[in-house]
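Two complexes are shown next, each including subunit A; its partner changes from subunit B in the first to subunit C in the second.
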Partner chain A sequence: MTLRGIVKRFSDVTAADGLELTVNDHEYLCLLGPTGAGKTTALRVMAGLTVPDEGTVLFDDRDVTSLEPEKRNAVLLSQTYSLFPTMTVADNVLFGPDIRKVSDQDKEQMLVSLLDLVRLTSRADSYPRELSGGMQQRCALARAIATSPDVLLLDEPLRALDARLRIDLRRELKSLAQTLGLTVVHVTHDQDEALVMADRIAIVRAGRIVQVGTPEEVFNEPVSPFVANFVGQSNFFIGTVACSDPNGSMVEDQFGRRVKARPTDVPVGQKAVLAVKVGHTHILKREVAPLHGRIERMLFEGRVVHVDVQIEGVGRFSSKIPMSYQGRYKVGDEVGIGWNRNKAKVFPYPEGGLENELKVD
Partner chain B sequence: MPLVELRGVSKRFGKVVASSGIDLRIEDGEYVTILGPSGCGKTTLIRMIAGILEPSEGQVLIGGRDMKGIPIEERDIGYVFQNIALFPHLNVLENVSYGPVVKDVSDEERQAVPKRYLELVNLLDRMRMFPSALSGGEQQKVALARALASGARLLLLDEPLSALDARVRMDLRYELRRITKDLGLTVLHVTHDQEEAMTVSDRIVLMRSGRIVETNTPEMMYRAPKELFTANFIGETNLLDGVVVASEDDRTVVEVRDGSKVEAQPSRFEPGDAVVISVRPERVHAEEKGLRAIVRSISFMGTYIRITAEADSEDIMGFDVRVPRGRDFNVGDNVHLGWSKQSALVFPRPPGGIAEAVKLE
Partner chain C sequence: MTGAILCFARSLSETGGTIIALATLYGRRMVEGDFQTGPTLIGLWKDASVTDPSLVPALSFVSILLIILALVLLLLLKLVIIKVRLPMRKVWPTPEKLLSRGLFPKLKDSSAVLFLLLIVLVPSFFIFTYVLTGSPAQADWGPFVDALVISFVVASAVTLIDLVTGIPLALYIAKNRSGRLSQMLDVLVNVPLIVPTAALGFSLGLFWSNIDPNASAPILLIILAHIAFTYPLVVRNVVGAVEGVDPAFEETARTLGARPLQSFRRVLFPMIKGSILAGAIMAFTRSLGETGATLAVVANANTAPVYIVDLVNEQSYYLAAMACIILIIISYVFMLLLRRFTREEVV
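The block that comes next holds the complex of A and B.
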């Protein structure tokens, strides 16, 4: 499926501002972005529920831009599962228009295998209101799959579920899609969900796709400070590029502090911002680190402890330390903070300022 | 001294028991979260403390006073709801000023107090704007400022972040703790999100089916859970079914389903006892020998890689490796998994089976 130059305006809001995207066969692609970025609009354009003002939607080489939803063989599963309350699980699953043409025997077989797949066999005769949120979600999924769509479009499929349950269902949903060889486009605002589930992630912001790549590419090779901060949190250091060669670069701030980063294309002397992931910084001895400050806060997060260090003239730098290191530090300690230079990336200083660039809300 | 005390509190709606025999003390200045899956009764509990619901049995005391028959407006509490409830026709400052009007304060103070709290949530520059012009995160901060401006020493937060995007939620939960700690407030915060609970709380109250499962600090809940349900709900864990073969001073030896023997912490169990071992993914390592398993999936998690493997004992085992080492593993590889005996906890095997004991919905 390909989107070419998709534009969609709603009165004064531009929800899609030239979307370019190709989704490959059998791929699990996540559209990731903050609320209001235009993710759902993109999904509805793919489904045929929203007609774009400009641009083309292709399924293989077929132009489907103005084709009705029913004729596209793409199914959209909305946030609010929309199961029929007066129908049982089995009837809901077999409701799809294409299925009514299938023989009773085939229908029965299909139902058995689908219910088994989504682990609802024992609930075939239950009504939606008798099911938990997770079960309703799986029932809606079975109904969507029953129509054997070429493309499955999922709009925040896990949003209505509890946080802990979501973690388990991520893996289930992904492995289900893999087993069936489905092509899936999954909209989410949750970067952890996208990292775990996606073959590729497309980052959406203000109606545009700002980066497409594997989870690893998007995490390690962000194209902008926004992406660096949205996919995994980043720390930022503002200064000018002091030097740069093929081995690496340095950024220097107004106090003459120099910190190291990967090689950069940003010219020496230009205002720049260095980004390094919170999970890639280390707490060091004060003496050996280019930056130092006072531990302001330590928050236990389970597998790691989140440490905030207040650095004069820079602001807050954060790090994650393994739980077993927790006893080495306490709030108020003077510590240094550092990182492997290959983990830090330099960007030109954003035109509208850093705060504006990082805005997620 | 807004100490909150619940004594044998139960609440029934017809035949449904939403809370059952709840005993709980919350100290002055403490930040406590009530955590649990949907339908566990956590919202009912906070509503009884607020005075929105009357308990069927038992007592609610605030500051040593029995709250029976005392309406919400006379309980001196601030309340923030899940669904942001601002007055759309009032601007930000007017919204925040809405609470204290009923109190006996001078005009000057009436202006000063709301402004002080708007500054605290970093929204002073938005005070003339209307709610519709604010993002979801900003609106919820205004709601928080309003609750704080009421001057109440006890703050009740009912899923205050769950309507927001994941990334916004992360930033705001740090703010919540910072602000309420600075003000020395007592906070009771209801959530279904275990990550949120771990990072904001002094103490977590974990609920299930109307009862308190366990209460402790986030760290103790994670490191030394007393119940199997807690071990699985607070952070992810691997659970292995087995039988004790030796119980020694420094370790418990357990035979798992494929006949191999694994070690765990010393315990009170005797040889022959049916048990479940819990060991966290970050504590499991691929080693020369140990539990034999086949790699089933590899997920990039940003700063680490999560590998899921199926053991010969039929237990599904997740383990974490550093990103560079992740490339050494492929789906289908045979691995041997081990862990230090100190990192594995032993629980009695639940009569209804593991799945039932850790069920999330």
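The block that comes next holds the complex of A and C.
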């Protein structure tokens, strides 16, 4: 499936502003972006529920831009699952085959295998309201699969579930898609979900796709400070590129502090911003670190402790330290901050300023 | 507030009840010069205009006046609702505390129940005692049965037409909420509900008699007139129900391969069935009980409520009472059905 130059405006909001995206066969693609970025609009354009103002939607080489949803064989699973409340689980699952006039015998077979697949065999005659959230989700999935869709469109499929179940279902959903060889587009605002589940992630922002790549690529090779921050949260250091060669580069701020980074294309002397993931930022001894500041806050998060360090003239840098290190530091301590050169990436300073670049709404 | 508007409109437009009440009080057919309400005057003049065509302009005038008054008052009421804020935010600790306990809540509850009994229920059912104690008159049921049959035919036809034409409009209004046209239709569809039915009936009568000057099919005219003020009941109910259903249900059905008609029939319809039935029953009973509009369209109409009004005018109270009881029983049965259907609704 290919989206080309999709534009969609709603009175004063531009929900899609030239979307370009290709989804490959049998691929699990996550559309990841902040709330209001236009993810759902993109999904609805794929499903045919929203007709774009401009641009084309191709299924293989077929232009389906204005084709009705029922003729696309692209099934949408809405956030709330939309199980039909007046039908039993079995009738819900067989809704698609019913419409297509599949023979009773085939339907029966299909029902047995699908209910078995989603572990709802014993609940065939229940009504959706009698099912738990997880069961509802699996029932909706079975209903979608029953029509053997060319592409399965999932709109925040795990959002309505509680945290524990959500994490369990990630694995389940992914392996189901793999087993059945489904092509899936999965919309989410949860970066962890996208990183764990996706074959490829497409980052959406303000109606545009800003980066497409494997989870490793978008995590390690972000194309902009926004992506660096949105996927895996980054710390930023603003300065000018002091030197750059194939082995690495340095960024220097107005106080003459120099920090290391990977090789960069940003020319020497140009204003730049260095990004390093919170997970790659280390708390060091004050003496050996290029940057130092005072611990402002420590948050106990279970396996790790989140530490915020206030660095004068730079701002807040965050780091995660193992729980076992917790006793080594306390709020108010002067500490150093450092990172591995290869973990830091340099970007040209964003035109609208860094704050604007990182905004998520 | 909706309740206030409905009460107001219903009272403003009631004909049958008023005529019967007044005629019974006077003990004779009403004549000009008696105490009148707008709708009864229209009924009276309409009756007279059959022999005296010079009354038609006056009749039109009263009808127009009633229609305009109804609309103006509706507008005023809406403005009052929007502008006048009850002092909800203010609290008066001592009096409110006093009024919230002890004798006061009990007084409030018992007076409410007493009011229901004395003003609403007892007078409504008083007729039973009349039949039980009154002397059975020489009864000729033929005309009443005929009238009842006509009423049922009219009400059934009206309900059927309301459903077939009302549901599509309701779907249009509910699904194009942001559209100007849809918003306008949503307001306009209520107008016949607020305009006094007698005035409305007269207007409808004028309109249809232009098309069919000989009134060759009076029952058709009555059906058309009744549709005008029952149609909004169906539309209102269905719009409300459709708006309560998440559009995602139908959208999901579409992506699962259902045509729009299939997704309506298989998904949306079962979810709003109860509301459609409720609307249908409301339209049916409204048509069954309507006097003013019927008389205004066809002066010598022969529906059950009109027949009862005639009986009262002729002082055939016993027959009138029996007829009323039969209508009350029928309405009660429908009310029970209505409650059942509305309760069964699953959304």
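Note that the second predicted complex is superposed on the first by the 357 of 361 C-alpha atoms of A that agree within 3 Å, B and C clash if a C-alpha of one lies under 4 Å from a C-alpha of the other, contacts with A are read in each partner's own complex, and residues count from 1 in each chain.
Assume a contact is a pair of C-beta atoms (placed from the backbone, for glycine too) under 8 Å apart; a residue touches a chain by one contact, two chains touch by 3 or more.
Bear in mind that the values here come from a model prediction, so they are computed numbers and not experimental data.
> Put the two structures on top of each other at subunit A: do subunit B and subunit C fit, or clash?
Taken together on subunit A, subunit C would fit alongside subunit B, as the superposition shows.
> For A:270, using the defined touch cut-off, is the partner it touches subunit B, subunit C, both, or neither? Pick first, second, both or neither.
Neither partner.
> Would you check which partner chain A:162 touches, where first means subunit B only, second means subunit C only, and both and neither mean what they say?
After superposing on A, A:162 lies in contact with subunit B but is clear of subunit C.
> I want to verify one number. Taking the Cα centroids, what angle sits at subunit A between subunit B and subunit C, in steps of 10 degrees?
80
> Quick check for you: in the superposed arrangement, does A:77 touch first (subunit B), second (subunit C), both or neither?
A:77 sits against subunit C, while subunit B stays out of touch.
> With both complexes overlaid on chain A, does A:302 touch subunit B (first), subunit C (second), both or neither?
Only subunit B is touched by A:302; subunit C is not.
> Is A:109 in contact with subunit B, with subunit C, with both, or with neither (first, second, both, neither)?
neither
> Once the structures are superposed on A, label A:340 by its partner contacts, choosing first (subunit B), second (subunit C), both or neither.
neither
> Under the stated touch criterion, which partner chain does A:66 make contact with: subunit B (first), subunit C (second), both, or neither?
So A:66 meets neither subunit B nor subunit C here.
> By the touch definition at the top of the document, which applies to A:132: first (subunit B), second (subunit C), both, or neither?
Touch status of A:132: first partner only.
> Of subunit B and subunit C, which one touches more of subunit A's residues?
Partner with more touched residues of subunit A: B.
> Just to confirm the value: shortest Cα separation between subunit B and subunit C in the superposed three-chain model, in whole Å.
10
> In the superposed arrangement, what residues of subunit A touch both subunit B and subunit C?
none
> Under the definition above, what is the set of subunit B residues touching subunit A in their complex?
Contacts found on subunit B: 37-39, 135-138, 164-168, 170-171, 174, 177-178, 192-196, 198-199, 218-219, 222-223, 233-236, 280-282, 297, 299-303, 306, 308, 320, 360-361.
> Using the touch definition up top, name the residues of subunit A that touch subunit C in the complex.
47-49, 68-70, 72-80, 82, 84-87, 95-96, 98-100, 129, 143-144, 147, 153
> Please output the residues of subunit C touching subunit A within their complex, sorted ascending.
246, 248-249, 251-259, 262, 266-267, 270-271, 346-347
> Quick one: which bits of subunit A touch subunit B in the complex? Just the residue numbers, please.
Within the complex, subunit A contacts subunit B at residues 34-35, 132-135, 162-165, 167-168, 171, 175, 189-193, 195-196, 214-216, 219, 230-233, 277, 279-280, 297, 299-303, 306, 320, 322-323, 360-361.
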